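Two complexes are shown next, each including chain A; its partner changes from chain B in the first to chain C in the second.
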Partner chain A sequence: MISVKNLSHIYSNNDKLAINDISFEITKGETFGFLGPSGAGKSTTQGILTGLLKLQKGNVHVAGYNMNKVDNKRFNKIGVSFEQSNVYSKLTAKENLEFYRKLFDVPTREPEELIKLVGLEGKENDRAGSFSKGMKHRLTFARSMINNPELWFLDEPTTGLDPTIAATIKEIINGQKAKGVTTFLTTHNMYIADELCDRVAFIIDGQIKLIDTPKNLKLLYGKKLVDIEFIDNNEVKKETLKLIDDNDKKRMYEIINKYKIQTMHSKEATLEEIFIQVTGRGLI
Partner chain B sequence: MKLFSTYIKEMKIAARGFYFYVEIIFAVILLVILLVAVKEESVSKEAEYLYNDIPSKITTYLIEKDINEGKARIAEPTEFKMKPVTFEITNQETSEVTLYEFEEEKTITVETLEQLDPETGKLTRTAYIIDNEEDMIRLSYSEGKIGATVIMSEEGELTYKYYLQGYETDRLVDLLYILHNESGEVLTTEMDNQVVRKLGFEQQLNNRENLLPMFIVFTGSLMGFFIVMAYIFLDKGEGVIKAFAVTPSAVWKYLISKMGVIMTTTIISSLVITIPVMGARINYLLFLVFLIVTTFASSSLGLLVASFFDDMVKAFGIMYGLIIALMIPAFSFYIPSFDPMWMRILPTYPMLQGYKEILLKNGDTGYVLIYSLVFLVSGLVLFALANIKFKKTLTL
Partner chain C sequence: MIKKMFIIFGRDFLSSRRDAMAVYIMVVPLIMAVLVAAFAPGLNDTTVNIAMLESDSAEHIEYIEQYAKVEVFKNIEELERRVNKRDEIAGIIPLGDGHEILLQGNEADIIEMYAVLLNSFYELGLTKEETTATMISFGRTIPPLKAKLTNMLISVTVMLSGMLIAISIVEEKNDDTINAVNVTPISQIGFILGKSLLGSSVAMISIIGAIFITGFYNVNWIMIVIIGFCSMILSLVIGFLQGINSDDFMEAAAGVKMLMLPIAGSIAGYELLSDKWQWTMYWSPFYWAYKANDLILAKIADWPTILLCTGLVIISSTVVFILFIPKIRKGLS
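Right after this comes the complex of A and B.
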């Protein structure tokens, strides 16, 4: 669905490459996470893939379209949800979607259905200007689905949303995946990526450091750990032990046999920890 | 269809906003001012300073003749206080320069003759008859008006020596030359070589009508420049241009739909002012054509300027500079003798002149059509540039 080969991009006001010779492929139906801190090149890559930024160097094919040639028709197959909600505040939720659907040449979804899907039922006729930030974000998210996109670009889809709404959004994304929609998810939230993505790419300073499935990354880079809290001389003590280390294994048996266990939790390395391990940088 | 739905959406947004009503309310206010505060009748402030270097008997005869024919009436003598002044006068024919130095303040009382329209009896201009040439020259210079010495030639014919301010148009100078040239041969030759345009259009438009071109240009055509910028900056603030950019619809349709709103409000506001004042006396088709192309050009300029800035505050400097520059031709419009060449390149100059021609009973339709084409082409070029710039700046 997306093919990127040797993509580079530089902004006119900067002599440093914003994107430096990156290559990756995304297959149909895949949810692909593009992860990195602010300024890593995520939005620039998404800008080029959506055609909002001109392709300078490299070969990029998106939804069957060569991005060297500008053709707005490709947007019939594409949906884009922006990080910053961008709806007409003077139009109602329904009017926003009604207007937007008329811009496409393909069958579109009913605005009421989408409004209900993102939990804005009953707000159809309220002006978007009266919405909270989260509600506007949901309306922007709903709008990105109006043309039944085959390829869906999501930029920080759950940022700023309360956990309940975020869970609804994740559910919708999984629902779209079940329908075979390909998703390019840009985020710096590793938990979201871990939950939703088939594969993730770590990007930093315009370069992709690795691409793999979250499971493989945890197997490759994660250290299985156990947190144990126990009572020793009426004092609560805590230790973290590696399950792959023989000395730690022995120590764990010792603690279990000798002391009263308060709590014991196995722990996997998070994607964030792996990102820091691989790139040497945090996500903020 | 996409263009139409975008236009409808823009109209909805505009109708729920502030700027849509600004233009129309402003037009209504101007109309009220025109109808209530501006009298139709022209009260001419045109003045001329004359020194009659002819026998007094002839002067008296000429004045009495004009009075009897209803062309003039004697008014109360006028007192002028002339301050010390130094200036030079260059003879246009010989290039000879004469220095005039007046060190003392001087007060003179001069005979005042009001010149009338013989048909309507309305005042058209005031002539001040000064009894010595030096005072006439000094007064003409101080008041910034044309002065003249009337001389009787040996053949008994009246000739005129004009004292101009130096910034008068070539048209005016040529016209004065032709008007009083006593040689029929020279007159014919000059007439053949000159394009004589009507200068005194105030003779055909009353005060109220005379204000219309400026009102239409500044509240109609030019308002599009500002309002389209305001709409664009509102959208930039909300980020909706990016949302439009990821649809199969072209950006130019979005820009055109903005213009559609501007056109609609401009047509409404301009007709609100024009219809009550002009009634059915003008060619409204020509009026609408000129209004649409001038609004198209000015709002294209607004789009182009808006494409360089993120918000109204950042664009304010250039906006302010442009409005000042574009207002300058209004001076020329109301002071026909002040018509320097550089002013003619400002777009508001032909806009004002074009509306004037439309309002005149026998206006120059060719002038209006030629400039309609010029504004259409300039508008297209500016629009194309704005479209390119908008497409380039639509980054995430």
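Right after this comes the complex of A and C.
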């Protein structure tokens, strides 16, 4: 569905490469997570794949189209949700979607149905300008599904949403996945990525550090961990130790013998922890 | 593509209806036309009013009507009442073999003279053809001030329609919606043309409406539409550029103020410069558009002149358009 070879991109007002020679493939029906800290180049990559940014260097094929010579008809099978919500403030939620659906040549979904789906029921006839940030974001997200896309680009679909609504959005993405939609999901939310993605790519400073399934990553990097909370000098301290690491094991005995233990949990490494291990950097 | 252009148009119209400034721009030319229609005739209507009686001979009334505005009354009482009203009107009524001139008393001398002379000519059976003077007509049959005001109104209308486009581009920029439209099957050219529809239809409707309201029904409509359409293209281009280069309405409005300069300059140049210096305005498309409209409204336009003006407007518009199309495209992506 998507094939990217040796893609690089540089912004004219920036002398640093925003994307530095990345390559990857996404197969049909796959949910592909693009994970990385702020400024890593995630949105830039989505911009190039959707054609909003001009391809400068590299070979990119999207939904059977070579991105060197673009044809707008391809958008009939593509849906794009933006990092920054972008809806017409002067139009109501419904008018926004009604307008948008008419721009497609393929069967489209009912605006009311989509508005309901993202939990904006009752707001159909309110102007989008009166919406909160999160509501606008949901409307932008809903709009991206209006043409029943086969290929779906989601840039931070859950950022800035409260957990319940984020869970709803996650369910919607899951539902689309079940229908065989290919999804390019950009996020720094590792839990979402973990639950939704067939494969994830770690991107940092415009370079892909690795691509693998979340399961494999956990097998490879996610050795069993133990979180220990203990009291040292009337102070609660917390340490995370790897069960297979000899030094960590010694440290654990030490803690158990020397201090009063408050809590102790064993757990699997999260994708976030693996990310830190692999890239040496946090996600924010 | 045509269908999608109209979808863009429909949306722009919906948004504009909810924008006070855009609504203002859409209605203001028509209001101004009403004002011109209401006040301009009074300003320069030099026709003399004559009151006559129904019982007078049809031949007499017809003769006077050629040279004055005649109001016909049933009886002498009504006629006297009319003459006694504040404005300037003289009554001519039959009396025996001849006629009597009725005056309120405060009319200008010229009115009195005109009524007396006109009646004498009738009684003497004189016609225009019998004069020994040679007639030289400059061809103007419309009160010039009214035509000038209408023409200026057209120039302003055309400029405002560009402003309408600028407003709607600024809206797309503020809401960041151009990106959303750019990931639909509509082509960029389709989008640009669709976005032009609101400004152009408002311009054409306002021009035609203004000409109707001001009463120039029998001008050459084809000429008006052609020259209106061409000057509109220029204002569309300017509207796009302003929209793209401004981040908010105030900035776009400031851009329009700048545009007033060449427009006002061209009009002033055309009206005030002597023939010897007219060439200094030849660079300006607004000059050619104004000149063409001036000739059309005065009903002395001929096709070669109009086509020349149209051609020059198109050439300058196209030059501006070609120079800036990369910028427009870039600004919209």
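Here is the rule we use: the second predicted complex is superposed on the first by the 244 of 284 C-alpha atoms of A that agree within 3 Å, B and C clash if a C-alpha of one lies under 4 Å from a C-alpha of the other, contacts with A are read in each partner's own complex, and residues count from 1 in each chain.
The rule is simple: a residue touches a chain if its C-beta (ideal position, glycine included) is under 8 Å from a C-beta of that chain, and two chains touch if they have at least 3 such contacts.
In this text the structure is predicted, and so the values were computed from the model without any measurement.
**Student:** Go through the superposed model and pick first if A:Tyr100 touches only chain B, second if only chain C, both, or neither.
**Tutor:** Both partners, chain B and chain C.
**Student:** Counting residues of chain A in contact, which comes out ahead: chain B or chain C?
**Tutor:** B
**Student:** Would you check which partner chain A:Phe75 touches, where first means chain B only, second means chain C only, and both and neither mean what they say?
**Tutor:** both
**Student:** Under the stated touch criterion, which partner chain does A:Arg143 make contact with: chain B (first), chain C (second), both, or neither?
**Tutor:** A:Arg143: touches chain B and chain C.
**Student:** Classify the contacts of A:Asn86 with the two partner chains as first (chain B alone), second (chain C alone), both, or neither.
**Tutor:** both
**Student:** Could you look at A:Gln46 and tell me whether it touches chain B, chain C, both or neither (first, second, both, neither)?
**Tutor:** A:Gln46 sits against chain B, while chain C stays out of touch.
**Student:** Applying the document's definition of touch, where does A:Asp155 land relative to chain B and chain C: first, second, both, or neither?
**Tutor:** The answer is first: A:Asp155 touches chain B but not chain C.
**Student:** Jot down the residues of chain A that show up as touching in both complexes, chain B in one and chain C in the other.
**Tutor:** 50-52, 72-76, 78, 80, 82, 84, 86-91, 95, 99-100, 102-105, 140, 143
**Student:** Tell me, which parts of chain C touch chain A in their complex?
**Tutor:** Those in contact with chain A are residues 4, 7, 10-11, 14-15, 18-19, 171, 174-177, 179-188, 333.
**Student:** Quick check on the complex: what are the chain B residues that touch chain A?
**Tutor:** 1-2, 5-6, 9, 12-13, 16-17, 238-240, 242-250, 392, 394-396
**Student:** Provide the residue numbers of chain A that touch chain B in the complex, in ascending order.
**Tutor:** So the residues of chain A in touch with chain B come to 43-44, 46-47, 50-54, 72-76, 78, 80, 82, 84-91, 95, 99-100, 102-105, 127, 140, 143, 155.
**Student:** So in the complex, which bits of chain A are touching chain C?
**Tutor:** Of all residues in chain A, those touching chain C are 50-52, 72-76, 78, 80, 82, 84, 86-91, 95, 99-100, 102-105, 140, 143.
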